[in-house]
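Next come the structures, one after another.
Presented sequentially are two complexes of chain A, the first with chain B as partner and the second with chain C.
Right, the complex of A and B next:
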């Protein structure tokens, strides 16, 4: 009887554990192994020790990709600030406000590939933006926005921000509606102006949401791929100007068939993501305790 | 009352009795009808007759592969042909199965993820027996180098080899060995948007035709050689403000260097790269000049997706675009307004004076369980009849000279898609493979791409960029 009781929870857990082992644990172990091999997927992997890591750390493009990925993290504070501002704006009982909330949310449900293609068409040499600029005389000939190395990463970050803003706005909006109105009344009685009211009531009240958004948006930023792939026509931008970690991983694996090298990049990415996650979770716990 | 009830009851019983009685034989039928009545069966006689049934179809001219395995079931992958060509593919498979009875074909069409699917299938031990692989994209070379394709030279007779253009049979050779049956080919042409290139025609009262809104150029004067493109693009930019839609083939820059620049890419014994020669530097400098002049669309120039450049042309914003006539259907479907203003001229040739083979190929897995059945299918799909039938469905050109004997190819072109038909055989027969086997091809191409970008956008002199690239590429050699 005792033996049966001891087995029961494990039997219930078994299906989930099997799925996790098959689709999470085993692939991670496989990637660790492949990162020490020369592997092109068609032929069996050949053990090369630390060669992939040595090549990776000497590879200029890898460092460029790493730098770009960290620069990409700037979308996180941007999303937090704009998300809160937008949530405050739409957190009013005005006629038709739900329509505005829905409009801001449309990019979130549109699909990153569709949105990226739309942006590519918008920024094309013969696209809408150039047509507008030409018609009002700001430029004399169409600017090749997506072929300017200095602009590639910025445009991709702008696209990520635009796509994610509606989602994060909804999270902040839900948070705002949980802040008691009495706190705002007390702030007004204490003489706070509108800005001080939000600084002293809204921001502390939204701390759990801010932490949550910081965690997920920074992880998404580190792993950005689609926007870069579509906007740069699959080459990562002229002079690798838009190459990020995941794009470089994809390129090594699926364009150059260096699966061993790609696995080494995945391991570096895993370590970075892990550090981020631990940092964010600690921060989240502290934030929760504080509230 | 009682009598009436009794009478009604008797009538009812009589009516039921009459209704249920069997019908009486008619007495008014003709004598002929009576004569056709079958005689009563007295005895059943079973007649047994021996019939000789041939187990296989009669000999077919298309059955050229011997020893096809009885009961073979083979898998066949095509690249992006479904659903448009389902009828053709299914019909050809049915004809194949009739030609080689007992063989069953399982067809799958894979599209955007074809190459990844194929690699994954190999890794999973599920490589299709027969697969459509692109020569132009280097797929045959890639998989042949990895030893997963069947070498064909000693597997088929000389008679079979002679069905194909010699230049196409040899394409994608790895160390002198062929690994594919050449399938449909394309002919490189320039599609011209005459609205931009020439202008929109208008006729005055005297019948004089004038052109407005274009560069005022004549279609027949389109450059015959690649080195005429920079001047042409400058003229078009100056007169119309439009940029040229020219592509560097970023996935195979060595081929472009070799054909356009007449460059010897690697030395004869394969021990050192030589693409930093004066010819190489001149080729790169030509593109540097166009970028500096601002006459080319840089997004299209360096994309690895054909569609980016094709879409630019299809949108009507580019004066010309190099492609095969088969893609005119894209223009017709997506911009019918432009279709009426299209002109087609042969693509300019480079310093090599040759044009590269552009045929698709069909290859057989090296370790297929049914080698002869797989060879038979690959050969069958690429035989003259199958390719002719395919050409009648879409503007492709067969890799088999015999297909061109059909009046379909000699008929005067009606639609612009057909404009290359009468000259296609001549063009394809001259397509020549000049690209040697390049060790570490993808890595070398990546090094070259970085050098090209440095020269185009980073102000590195073309010669220096290529010198650096050659030094890096040589490090990959043993």
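Right, the complex of A and C next:
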């Protein structure tokens, strides 16, 4: 009887643990090993020591990818600011407000593939954006939005922001609704104007949500793939202008069959995400304690 | 009398002012709300109309033409005839539905002991699981690819999409929170009555946390439905593709046929939009439930 009881929790955990060990834990360990090998899947991995890392750090495209991924992190503060502003806008009792919230949420659920392809149609040289700009006379001839290297990354970031905003808005909205009304009344009595009111009450009140959004959106930014893949037609942009870490990982592994090299990129990616998550949680939680 | 009327008017004037100010403010909010709505929805509206444009309707014109004059369903037929779109749908539905059912069974089974049982190593296992949450999933794709080809031999089948999604740390975490909200007394009473743990889980706990299960189900379904990178690595035969992978294949095939691509986008987005309209409340609750201080 006692034996059965002692085993029960482990039996309940077993199916999930089996799946997670097979598809998450084992792969993490395997990637560490592969990163020290020359591997093309067809032949067994050959130990090469630090060669992949040495080649990687001399690889110009890798540094480009790393830079691009760091630039991409700018979507995090953008999403936090726009998300909070939009949440404040929709956090009022107006007829039809639920419909607006739902409309803002449509890009989130539509899926990054459909959204990216839709935007590719809009941004095409013969697309809607150019015909709009030409008709109001902002430009004299159509801009090649998708073929201009200096725009590639920016457009992808804009797309990521556009796709994610509704999601983060909903999270901040839920947070706003937990802030007691009395705090705003007190701020009003203290003579705060509308802007100061949000600075002194809303922002501190939303700390947990800000932490969550910072962690989630910066992970998403570092892991970005689909937007870049679709917008650049799977090539990463002219002069690698749209190559991010995950795109480069994908290219090395599944285009060039350099699985060892790709694993080394994966290790760099892992270290970056670890540092970022620790930084985000520590930094933002310290803020909570202070308030 | 005259005096009284005068004071009435004096009161009346500021009152209409306040009313006017309030109305103007409301109008201003609606203008802002509509402007944002245009930004978030207009790209889809344009793609939607483009998908019904006939050969005589320009995609590109100055000024732009939104509504098709030469309305046609030919774009949809062309896409449907040249690609096994029916298969894409069916595959996406099979993958998403079976993932949701099995994942919910697996993760709710694991979440129960994490929430309500004391056993050696509980916290260690739980925090190790949580730690894997920040590992980028793309990092695991290289060994998972090797597993698919070498060990499980499910490359180019939809099993390759279902198997790795059978349990997810995030869902275990969310359901653990849900189980924690169930009073201990209830479980103890069932134990006294001689119910086994499996029976308590199935017959007592799962019905209680049904709202959380619905939320987790929706999140899992939408993630699986919209997933692209892993499915694109696994599925190569057209007939085996899911909607997202198929849509990218379509985009390659119909490179210069914007009307056809637009039709493909609409076909992909419509099912998930319908689901969203039906289950809107659960969608929203699922999000806010995920973050609690």
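Rule of thumb we're sticking to: the second predicted complex is superposed on the first by the 271 of 291 C-alpha atoms of A that agree within 3 Å, B and C clash if a C-alpha of one lies under 4 Å from a C-alpha of the other, contacts with A are read in each partner's own complex, and residues count from 1 in each chain.
In this text, contacts are C-beta pairs under 8 Å (C-beta built on N, C-alpha and C of every residue); 3 or more make two chains touch, one makes a residue touch a chain.
As the structure is a computational prediction, the values presented were derived from the model and not from experiment.
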{"item": "Fit or clash - chain C, chain B, common chain A", "value": "clash"}
{"item": "Which of chain B and chain C A:67 touches, first, second, both or neither", "value": "neither"}
{"item": "Partner chain(s) touched by A:238 [first = chain B, second = chain C, both, neither]", "value": "first"}
{"item": "Greater residue coverage of chain A in the superposed arrangement, chain B or chain C", "value": "C"}
{"item": "Partner chain in contact with A:94 - chain B first, chain C second, else both or neither", "value": "second"}
{"item": "First, second, both or neither for A:126, with chain B first and chain C second", "value": "both"}
{"item": "Contacts of A:255 with chain B and chain C, given as first, second, both or neither", "value": "first"}
{"item": "Partner chain in contact with A:41 - chain B first, chain C second, else both or neither", "value": "both"}
{"item": "Chain B versus chain C as contact partner of A:10, first or second or both or neither", "value": "second"}
{"item": "Which superposed partner A:19 touches (first chain B, second chain C, both, neither)", "value": "second"}
{"item": "Partner chain in contact with A:147 - chain B first, chain C second, else both or neither", "value": "first"}
{"item": "Location of chain C clashes with chain B - one stretch out of 19-27, 199-207, 235-243 or 271-279", "value": "235-243"}
{"item": "Contacts on chain A seen with chain B and repeated with chain C across the two complexes", "value": "41, 124, 126, 254"}
{"item": "Complex contacts: residues of chain A adjacent to chain C", "value": "6, 8-10, 12-13, 15-20, 22-28, 30-31, 34, 41, 86, 89-90, 92, 94, 97-98, 100-107, 109-115, 117-122, 124, 126-128, 130-132, 134-135, 162, 165-167, 170-171, 173-175, 208-209, 212, 215, 219, 222-223, 225-226, 230, 246, 249-250, 253-254, 259, 262-263, 266, 269-270, 273-274, 277"}
{"item": "Chain A to chain B touching residues, read off their complex", "value": "40-43, 124-126, 141, 144, 146-147, 149, 233-235, 238-239, 254-257"}
{"item": "Touch list for chain C against partner chain A, complex", "value": "26, 29-30, 32-33, 36-37, 39-41, 43-44, 46-47, 50, 59-64, 106-107, 109-110, 112-114, 117, 119, 122, 125, 129, 132, 134-147, 149-150, 163-164, 166-167, 169, 172, 197, 201, 222, 225-226, 228-229, 233, 244, 247-248, 251, 258, 261-262, 264-265, 268-269, 272-273, 276-277, 280, 283-284, 287-288, 290-293"}
{"item": "Chain A-touching residues of chain B, taken from the complex the two chains share", "value": "116, 119-120, 122-123, 142-143, 146-148, 241, 243, 250, 294, 297-299, 301-305, 308, 312, 315, 317, 442-443, 446, 449, 453-454, 456-458"}
